[in-house]
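Before anything else, here is the set of structures, which you'll find just below.
Heads up, the next two complexes both have subunit A, just with different partners, subunit B and then subunit C.
After this line comes the complex of A and B, so read on.
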């Protein structure tokens, strides 16, 4: 298909699905058509991204659209430069179609905490109200699900790419932490933030990943070339002798028993079972594994992410950039007269921040400030970092290959930790699993109107299956699998369930291999 | 002694709500067996939930006063966050209740035995090679040291040659004021109102 026809189809879909509110800003028709015609006029065949429309989550900086992070405080902010991931997309010939809606600064699970209104899920299984599109990259997921673009970029801090992918029936891939550059991505929780990819097929996801996966000297957390080659050495020698999904060797698939809480929706439990049976039929073996810190991991995330957010968002004061509250920046005496001012005196910039941030952002900033405050820091922030290490050790115990970030760092060297499955005491190999297969979310997307009555903390439990991989930086992908539950009303109403594949750090290709194998099965079933 | 220590660790490790008796194959954890689970094993495994998400949320009878944050503490946190104080007693009650629920939720981390555990502060390459690569040695600074000259005979002083230029392209050549809404010349404006009541 010519780029022009591709662009025209996407634009027609954008018009038809305007009401879903996937975009905060969208390029002009004439601009996109001209860009596509330019691509078509060059006879040489380009790469897979050439002339394709890619949407970008609005917390990733672009020089040609505003970058708002769905916040009032940045509603008029225009970046003077492109994020590295955006620059790389353009260099691969992709056309940026616009900026997608999200939960403010990425904080939320339903894409409802946006200054520009909620995103709506195109798959409506509730009678009147549209279901949640998932968050925080809800706009990116809906834009892909409704073919308003070829692929999109999101960000995933605790599940923000995988959850909306699960809710909208798309592929949502969070690569290993540090592979894709964060330069030009507005930080929410920098030790967890990862750029992710949403697409309709695994092969599209791979193409975009290949275009972005490179070291960036401008991002201090970007993995350097030396680490990348060490990762390649570990994962090719031990894990993936099959880089092509066509002849996948027999894999050991782990079923994490702690990803099965009482609250897991029956449809999801049934579909999980069906997915495992399918993988078994393909010649893979199934093994129960234990990740007992899963509940604590969720709690640790909600200490660490808000703590980092309270620090990262401290810079939004309206002075250097951002929308400023009208009138003076503070009231109540001369600066420096702190002691004499009453407790009610305004803090400098407090009005700008009070008007500029939405309710969930404020809730998380205050929670983060608590976790870091004198007296609480040890029991909250530091304890959460220790739990984070524990979660990493547990994953290392379960996987067949060791963690390339910790090769040669003996468990005893740092702490009295757990044994790695792949490097047991007796040196035997092959006891651990290659990947974990589990649901992406504990439930099907809830109706938007039911969310308003819920306690904001209830929504945090939605992230229980996505947060552990984020804490450890593991690659994880959500794949839509047809809902296997045809006994309940719930099962009949919603067509698919997001299944998640998690791998050891650096085994991104393997995780995508399994996703592709699953995808091919589903396509075969339909045919 | 070692065995006891490990037992204690594994017990402390068990999250609340995890049943004491799991199916036999589930106890054969870490996949320390090479044969696959059968379809009926999987069916049984998945029909046995291991914990409840509700255990993280406060129950209805939860006593807020027992571990609640005080009004003064809340105001202090808001000041630290550069956010305005609550506009009404109702808003304050609401904020306190939310924070209390959040704290109840995250307190799950305190049930994990983390003795001897080194905190994971950030995800980075922790291998010996990577640590070595991050070291800055004399060789890396040779260029800078070569620009230094030692002056004086009795009182030695180090001076840097005048023609030495540090490359700051891309780091210092940006317009700091470009995005500011309020500015005068080369300055930002930060306005403080006179306290009208005093």
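After this line comes the complex of A and C, so read on.
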């Protein structure tokens, strides 16, 4: 297909699905068509991204569109530079179609906390009430699900790529932390923030991943070449240890027994079991694994992510950029000098930040600031750091491969890492597992109008399956699997369930291999 | 930039040549009337402690530290009987801790490749990250570590192999990110010290020296410059944002305002000497915050917790440090005397003012919500870098004086050098160096070397003149023996024109007010040495040996060699005034007793 035709189809879809509110900024038709024609005019075959439309979540900087993070405070902000991931997309020949809607600064699970209005899910199983598209990368997921673009970039801090993928029936891939550059990504919680990819097929996901996966000296957390080659060595070791020449070889699939909360919906449970059965049929073996810190991981996440958010969002004061409240917004002389004319008048930036941030962002800033405060830090922030470390150690005990970040460079140590990996403390015999398979979310997408009745803590529990991989920086992908639940009304209404594949740090290719095998089997089933 | 670099270079050249801060010397022009027993103790010490040779192996500061430790062990009080005039100061004791922010001498900012600058047009040296542009991340500039490490080494700190950066949160217009990147949980250097001497300008009550422990040294970012344009406009210049700083935090151990000022001054001079910083306080290169508290003065053996402290921020001169502390001390004492209590608040001080003013009350206290910066990996400092810096570091001012005094023409022992440096605001050192210069002019090079005149002069300044001072009511600054007097005496002694005894006699005469020139006294009193002949020595010695058979037997049979000095003493007493030389007498005696 020519690029022009691809662009025109996407634009037609964009027009048809305008009401889903997937985009905050969309490029002009004429601009996109001209760009496509230019690609088509060059006879040389480009790479897989050449001439393709890719949408970018609006918390990733672009020099040609505003970058709003769906916030009032940045509604008119124009970045002077492209994020490294955007630059790499352009260098691969991709055309940026526009900026997608999201939860403000990435904080939310349903893409409803946006200054530009909620994103709506195209799969409407609730009849009159549109379901949640998931968040925070809901716009990117919907744009892909409705073919308004070829692929899109999202960001995943605690599940923000995987959850909307699960809710919209798309592939949502969160690579290992540090593989894709965050330079130009507006920080929410930088120790967790990861650029992710949404696409309709695993092979598209792979192509985009390959274009972006490189060291970036502008991001101090970008893995340097030395670590990347160590990861490569680890995965090579795994591959050679497998005698099978087939692709995919027989893998050991882990089933986290603690990922089975009471609130798991019947559709999800049934589809999970069906998915495991499919994998077993493909020749993989299934193994129960124990990750007992899972509930604590969710709590730790909701201490750490808001703490970092309260820090990262302190820069939005309206002084150098962004929307600023009218009138003076500074301390009014010495405290008490103005009498009791309202405490707000005496707090610097209180008006700008009060007007500029939405309710969820404010809630998380307050939560995070509390967790870091003098009296609470020990019980909250520092305790959460310890939980995070424990979660990592638990993951390391279940995987066959050692964590390359926790191994020395020397081959001896590498060997040692391999030997200790997989020795579960439950006394499990033999090797560890290659990947974990579990649901992406505990339930099907809720109707948007029921969300308002939920309290924030209920909303946060929705992230229980996605947060552990985020805390440890593991690669994880959500794959849509046909809903296997034929018994309940819910099951009949919604066509698919997101299943998550999680791998050891650096096993990004393996995770995508399993996703692809699953995807192929589903396609074969349909045929 | 060119001219700036040059200027800074010149100033460091000048500094290298100076061995004692000139302003110290100037302030010492105000003569003080203090007496101490430091000389006696210094002399007494020599009997117990063999002075270590000043070799390349033992750094001066370590020797000094050891010496001060010994001094402390002996329980020598640093306090003189000199009581403060003010009754209230007798009742209340001041305690001060200091935090000093120093702009490091670096080409780039701490976390961006933007150039550092001092007098460039506003907002011309600002990287995206410095202005907290969304999506940007810190890029630690490792070169900034070099002056930071030099500073920490100059302050005798323990350097930690691993340290980390944290965010300190507060909103202010000069702080674009809403936080400052600093080192809170794991600073790169801790447990240092700086030693202050009279020539540093410390309070008399802290003489002869005081060691100020340095709690920690941390790297951090500077803030923007704010230009307030009344009534409500603040202009911001981000050139200074993220200029690398070190913050130096002392323990709260300082009890005198002058010593606090001296501490800041000394730290400035140390850091300039090792090229860690370029601009002085007067140009904004250093800023100090002081924590001030008062408590009832503890009696011997009594322990009283420090009082509630207040913080006085942003002091930009040594004078301001001293002035602000005095004013705040007096304010706190006044409040406490009136039965009030001190609130933990932040206060300000304007130079020329008489009172500190409240900036922020306790209720306005900021919780900085320290958080490790997730974007910055831990800082690892290799031993190879540390070694290299230690090897290539410029000499510190005190080290320079010491190594100079240990080498030709001076050739002093470490202990003598310490005493010279540590007393009389450096005046005695200057006196000594002038004396040596004069001796070099009066003696031939050969005479000077053979007599080890530098060391001899040191003995005379410290011990001969020192013991006269110690047993009289005359202070150093009032004593009448000038360098020319002493040079004149020593030249004659070296040339054996007078005996050792005569030379001491001459010194005592001039010390006690004899106004005549040395040569006139010698002439008038007939003190010139007219050497006795060998026969005269022999005849005196033979008589003494014949009269004291028991003593001779004790020496020759019981091997009590020390008793020979009794004979020498007898010969000196019996011999003609000013003609008998002890060493010759001893030699003759030994010959006769066949020793």
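Rule of thumb we're sticking to: the second predicted complex is superposed on the first by the 482 of 527 C-alpha atoms of A that agree within 3 Å, B and C clash if a C-alpha of one lies under 4 Å from a C-alpha of the other, contacts with A are read in each partner's own complex, and residues count from 1 in each chain.
To be clear about the criterion, contacts are C-beta pairs under 8 Å (C-beta built on N, C-alpha and C of every residue); 3 or more make two chains touch, one makes a residue touch a chain.
No experiment lies behind these values; they were computed from the predicted model shown.
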Partner chain(s) touched by A:252 [first = subunit B, second = subunit C, both, neither]: first
First (subunit B), second (subunit C), both or neither touched by A:363: first
Partner chain(s) touched by A:349 [first = subunit B, second = subunit C, both, neither]: both
Touched partner set for A:232, first subunit B, second subunit C, both or neither: neither
Contacts of A:42 with subunit B and subunit C, given as first, second, both or neither: neither
Touched partner set for A:12, first subunit B, second subunit C, both or neither: neither
Which partner reaches more residues of subunit A (counting touched residues only), subunit B or subunit C: B
Subunit B versus subunit C as contact partner of A:61, first or second or both or neither: second
Touching partner for A:210 - first (subunit B), second (subunit C), both, neither: neither
On subunit A, positions contacted by subunit B and by subunit C: 77, 80, 191, 221, 310, 314, 317, 319-321, 328, 330, 334-335, 347-349, 369, 373
Complex contacts: residues of subunit C adjacent to subunit A: 128, 131-140, 167, 169, 171-173, 176-179, 232, 234, 236, 358, 360-361, 363-364, 367, 369-371, 374-377
Residues of subunit B touching subunit A in the complex: 5, 13-18, 22, 25-26, 28-37, 39, 41-43, 45-57, 69, 74-85, 95, 98-99, 101-103, 105-112, 114, 116-130, 133, 174-176, 178-182, 188, 190-193, 195, 198
Touching residues (chain side subunit A, partner subunit C) in the complex: 60-61, 67, 69, 74, 77, 79-81, 83, 182-187, 189-191, 217-221, 307-308, 310-311, 313-315, 317, 319-321, 328, 330, 334-335, 347-349, 369, 372-374, 377, 381
Subunit A - residues contacting subunit B, complex: 77-78, 80, 177-178, 191, 221, 223-224, 226-227, 230, 252, 254-255, 257-258, 260-264, 269, 272-273, 276-277, 280, 284-290, 292-296, 298-300, 302-303, 310, 314, 317-324, 327-335, 343-351, 353-354, 357, 362-363, 365-367, 369-371, 373, 379-380, 382-390, 392, 397-398, 404-409, 414-417, 421, 430-433, 442, 455-458, 460-461, 464, 471-473
